[in-house]
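Naming follows writing order (A, B and C), and every chain is counted from residue 1.
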Amino acid sequence: MGPGRTTVIERASWRTAGRLASSFALLIAAMLLAAGCGSSAQSADAAEDAPPQKGGNLVVGLDQQPQCLNVVIVCGGMAVTSNITGPLFDSLLTVDAEGQDAPLIATEVPSTDNGRVVLTPEGGMVVTLDMQPKARWSDGKPITCEDVVFAWKLRMDERWLVRSREGYNLLSKIDCVTPLRPVFHFKERYAPFLGIVGIAPMPKHVLDGKDFNTFLSDEVPISSGPFVFSHWDRSVEIVLKRNEDYWNAGNDDEPWLDSITFKFIPDSNTLKIQLRTGEVDVIAPPPDSSLKEELEAMPRGSFSSEPGAYWEQLAFNTGKAPLNNRDVRLAIAFSIDRQQLADVVLRKQVGVLQSTLLEGQKDYYLPAWKDIKPDPKKATALLEKAGYTKDGAYYAKGGKPLTVVFKSTAGNNLRLKVAQLLQQKLKGSGIKMEIAMEPAEVFFGQSTIQGNFDIALWAWSSTTDPSQRTLFSCDKIPTDANEYEGNNYYRYCNDEVTKLLTKADVTPDVGERAAAIKQVQQLMRADMPMIPLFQRPDTVAFSNRAKGMDVNPFGGMTWNTYDWSVVAK
Amino acid sequence: MSAAAQPSRGHLPKSVRAAQSVAGGTQAAPVRQPYRREIEAPAIAAPARTQRQQVWDSFCSHRAAFISLIILGSMIFICAVGPFVLQDPEAIDYDVLAAQAPSGAHLFGTDQLGRDVLARLVNAGRTSLAIGFVVAFGAAAIGAWVGVMAGYFGGRVDSALMWLVNVLMTIPSLPLLMSVAVLVASPSSAIGPLVKSVPEWFRIAAVLALLGWMGISRVVRSQVVSLRNQEFVEAARALGGTDSRIMLVHILPNCVSVIAVFTTLAVSGAIIGESALSFLGLGVSPPTATWGNMLAEARDLFAIMNYWWTVWFPALAIFITVLSVNFIGDGVRDALDPKSMK
Amino acid sequence: MIGFTFKRVLSAIPVLIVVSIIMFMLMKMGPNPLELLKQDPKFSAEDVKRISKLNGWDKPLVEQYVFWGKNFITGDLGISTVDQRAVWDKISERLPLTLMVTGLSMVVSLMIALPIGAYVAIHKYSKSDYVATLSTFAMMASPSFFVALLLQLAAVKLQDMNGGTLWFYTGGAPACVGAGSDSGILKTVGSCAMTPIEAFRRLALPVTALSILQIAGWSRYMRSELVGVLNQDYIRSAMAKGLSGKVVFFRHAVRNALLPLVTIVALDVAGLFGGAVITESVFGLPGMGGLLLESVKSTDIAVVLAIVMIGATLVLVMTTVADMLYGILDPRVRVN
């Protein structure tokens, strides 16, 4: 069976060099702090063409501080933890600048086409990887298949407070055919397997026999990535130093930087001020309407921004009146102006999202919602078809005006702005919308799970894997009976969709899987349980002494620290 | 010096704490301890208009206070009437959809959504002022009631009530304020569902009032203790006055001056307090606007450099209101303090 | 004196117990931390049960309270439920910076507020009095986060005027406080004293922001106290005796006016411990205020209770100290 529960944060985890991610990506508590990433640099440095210079330190300003440094266990769940520890752990697979799967320690990305993924007649599958012989830990010991097996066993060990075993629990064993060739045996066919086999090896010779719950909490004594841990002054800074013996150093002997300092400033407004004053060199500011203008106006700096992995969507509760009526949902879809929302709320920093998948998920992307454009006449016709009649300013049925309750998280300006624009638009269509902004713990902890809303606005976060079964499949509607498992808060149930999503999750072949997922998109466009709005822009802003920052929606802010450098003065 | 001066001195600092605790422990306008002379001048059954007249004249002679009263009065008037005259504060100007400098169409400009800043300010003022007054009167009422009860009945009632006040004042005010604010703000808390139907601004006002009455209760109590055995109270008792009547008719009016000063200052404390809570994300949540959350939302270096009107106008609204209220408080104190009468 | 202290300690015990019960109940009634965990889709029902058990949340309330109380008395502040670290570690790594910032601002404010208060008290109803009154009221009327923003703006403008040289940092703790939980307060202060320029450039803005409010309050207070004292008969008789104005003013008036300030300052010293949540957050200072805010928001009971209990104890101790000092300084008051 496919993935049970979603694991978004997980993926945001050891990644940088590895989308360890398990299946998909939904960070529910999609806070504003989505890390940055990107690839359309707007910088116009004079020094742009000069080759990077070796040496120097860059200061990265972060508005959050990790609780511990171990991304595998519970306390390491924050995005900031993976951003900081990312440069310390290279994994077997990674994402490249385009957000596509790419090999890192492994020699190539496994697929059915290259014969590295073999389906067994018993219903399981076997994935074979080869590891680069030059890969080694910062202490000089080679990174071997043993370390891969050890990393898996750590996750499966009952003693450790592991955040998620999603997908890893489908492995029956990992064979070390040779010290550099791990063979992963899956009990079932599991389409999002790349997230599992792309695991970051863990140093068996250091960690064996240690208490994994605490050993990596305060310091990381070893590294397989371009940097090594130096020190952590709690609440002040974490410093990483160059891994002088980095196995993947290129011809120019990267990484360029001597060190990276992560500084913790809890106020994101102050972070921007500090970038301007030069107190920090790199920040990943949360998306905001005026962010672009603000960064453009900033002296001594530039930025890179691109649609990120978090995408905002308008959820309709199909489980109760009035939105259990498809015509009403469609009427709302035709009432709103998504282009305007994106233009106004994010000042044209991103375009409208037309799918539940992102363009970066190339093989699976289909812009199914493209034809949904504001059309008041259609909206009116649909409402009348649904049995509503105009009664004063609002449509009504049985004497009751058509009223919908909109919910979202409080304290998020972007969402509030969307809500207010939406309210005005729906009013124009004769639909009364009440806004209730709730604290995140209530919104995500109760309202969405219990289906206590009509329209809701939140963001999912995507990984390179397109699995969305937990979002839209009938058996993933959280109820008392299934102990509130699943994230189908839409209460959306279409047997055809469920069948296709289930099939997609057990079809490792990309072509076949893509066909099923594209079909789902079209079915959902017709049923309209939700309407995608836009991807939140991921932005990295940096001072004019910093160079090499590049936004990568699936990689996190620090995915290419290897390329970072200080501009020669 | 006379021994009689001692108790009054000993209480001085506490009256200061009174003001502090209302202001969330950050803003303290010192309240002077009422002087004994004033206490000893028994004001039985409001001695005619002349005294009131005197107080009013004295207040008006405090020029800053008088001007402040006019300013505050106009603020209240504008906020009361404004929403009927001005455009819908939440209306989004689709032609603009951006921050627009002050102009004829938008006197105070528009915010980044194209909403009229003036209309929002006026609307927010209703909430902010309402919070200010509810907190002030609420805290004064609780504090006065507790103080009068403790002072009048003395004995066990007194020690029990004052012990409670002592305990509450021992708890550091910030953690107390924040945890109670989280408590009423979060529907997942134990009392969350109970207060769900109460408007948010009122919940926040109630929190500030419930945590801000202790200081005044001490001051009132010490006044009442010295009044309780005065001849006019004895006389009222001899004439068969009930306890509640004596407290209400004879004792409370003699505490009016301290209560009035406290109440005024509590208004400004509450407005500042609400803005602080808004900054911490525990205040009234948008889209309901308050001056505090408008300012907290607009607080941004870029905004203050480029869209100064979105930041400065809410800041000025708070500033002018609090300033006026403080001056009025100053004036009220001078007017009611016989010592400063010339 | 010993008897007095003993009595005070005895009477403090029930107060502290009730304080702890009130805060315990408040926190328990607050948002359920398990609800926060449930937001994370990866937490299964078993995970939630396991974590609840691990933290002892499945036991009856009374039992939880007694458990906490027993540990607290023996000096064990417990474990944070957010990151499983010892509460004392979390507090002790934040305390040095907070004490430095709040302590410095207190010293600065007293040094500015007292002379101003004294000056305007002598020149009552003069122009300078009005100016001082207006500016103190203005300080009180500005929300502290706005003041902080203006200070940051000023630092940025100053930098632009200086052609890019930054004088005052707009945020962040001085490097000297970053040594983590193993460095004590004295050690931190010592190492900051070794790098006074860096410390000054870092702390100038937050200390100014904090001082502004205190200066306003204290100078008003000083003024009204001194005005009251100067009106007293004994000042007049001292003057009549032919003592010089200076002697009368400093030896009699100021001294007596400062007496009540002792109590206020003592209580404010107790308040230093809690930090300044808004200033700390704007200027990115990892102090007690930030810890408190995080802990309250995530219902980290052990941390909040520890901060409250230490704070409450300090209040009680400082009140006692103030009363004793008062007895020593003011011959009319005898502690008994």
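Rule of thumb we're sticking to: contacts are C-beta pairs under 8 Å (C-beta built on N, C-alpha and C of every residue); 3 or more make two chains touch, one makes a residue touch a chain.
These figures come from a predicted structure and were not determined experimentally.
**Q** Taking the mean of all protein CA atoms as the centre, name the chain whose own CA mean is closest to it.
**A** So the chain sitting closest to the middle is C.
**Q** Mind naming the chain pair that shares the most C-beta pairs in contact?
**A** Looking across every pairing, the one with the most contacts is B-C.
**Q** Just give me the whole-number Å value for how far the CA centre of chain B lies from that of chain C.
**A** So the centre of chain B lies 23 Å away from the centre of chain C.
**Q** Once you find the CA centre of chain A and the CA centre of chain B, what distance in Å lies between them?
**A** Chain A and chain B have C-alpha centres separated by 47 Å.
**Q** Any idea how many Å lie between the Cα centroids of chain A and chain C?
**A** Centre-to-centre distance between chain A and chain C: 41 Å.
**Q** Please output the residue numbers of chain B that touch at least 2 other chains, ranges allowed.
**A** If we look for residues of chain B contacting two or more partner chains, we find 186, 188, 299-301.
**Q** Can you pull out the residues of chain C that are in contact with at least two other chains?
**A** 31, 35, 149, 152, 156, 281
**Q** Show the residues in chain A shared as contacts by 2 or more other chains, in ascending order.
**A** Counting only residues that touch two or more other chains, chain A contributes 269, 273, 276, 439, 441-442, 445-446.
**Q** Which residues, counting only chain A, touch chain C once they are in their complex?
**A** Touch list, chain A to chain C: 5-10, 26, 28-29, 65, 67-68, 74-75, 77, 163-164, 166, 232-237, 263-267, 269-271, 273-274, 276-279, 299-300, 439-442, 444-446, 449, 470, 483-485, 487.
**Q** Spell out the part of chain C that touches chain B in their complex, as residue ranges.
**A** It comes out as residues 15-16, 18-19, 22-23, 26-32, 35, 130, 133-134, 137-138, 140-146, 149, 152-153, 156, 213, 216-217, 220-221, 224, 228, 231, 234, 260, 263-264, 267, 271, 273-274, 277-278, 281, 289, 292-293, 296-297, 299, 304, 307-308, 311-312, 315-316, 332-333.
**Q** What part of chain B is in contact with chain A in the complex they form?
**A** Residues 90-92, 97, 99, 112-113, 185-188, 281, 285-287, 297, 299-303, 306.
**Q** Please name which positions on chain A make contact with chain B in the complex.
**A** 269, 272-273, 276, 289-290, 293-294, 297, 343-344, 410-411, 413, 416-417, 419-421, 423-424, 435, 437-439, 441-442, 445-446
**Q** Using the touch rule from the top, collect the residues of chain B that touch chain C in their complex.
**A** Against chain C, chain B makes touches at 1, 3, 5-6, 9-10, 12-13, 16-17, 20, 25-30, 32, 64, 163, 166-167, 169-172, 174-176, 178-180, 182-183, 186, 188-192, 268, 272, 275-276, 279-280, 292, 295-296, 299-301, 304-305, 311, 315, 318-323, 326-327, 330, 339.
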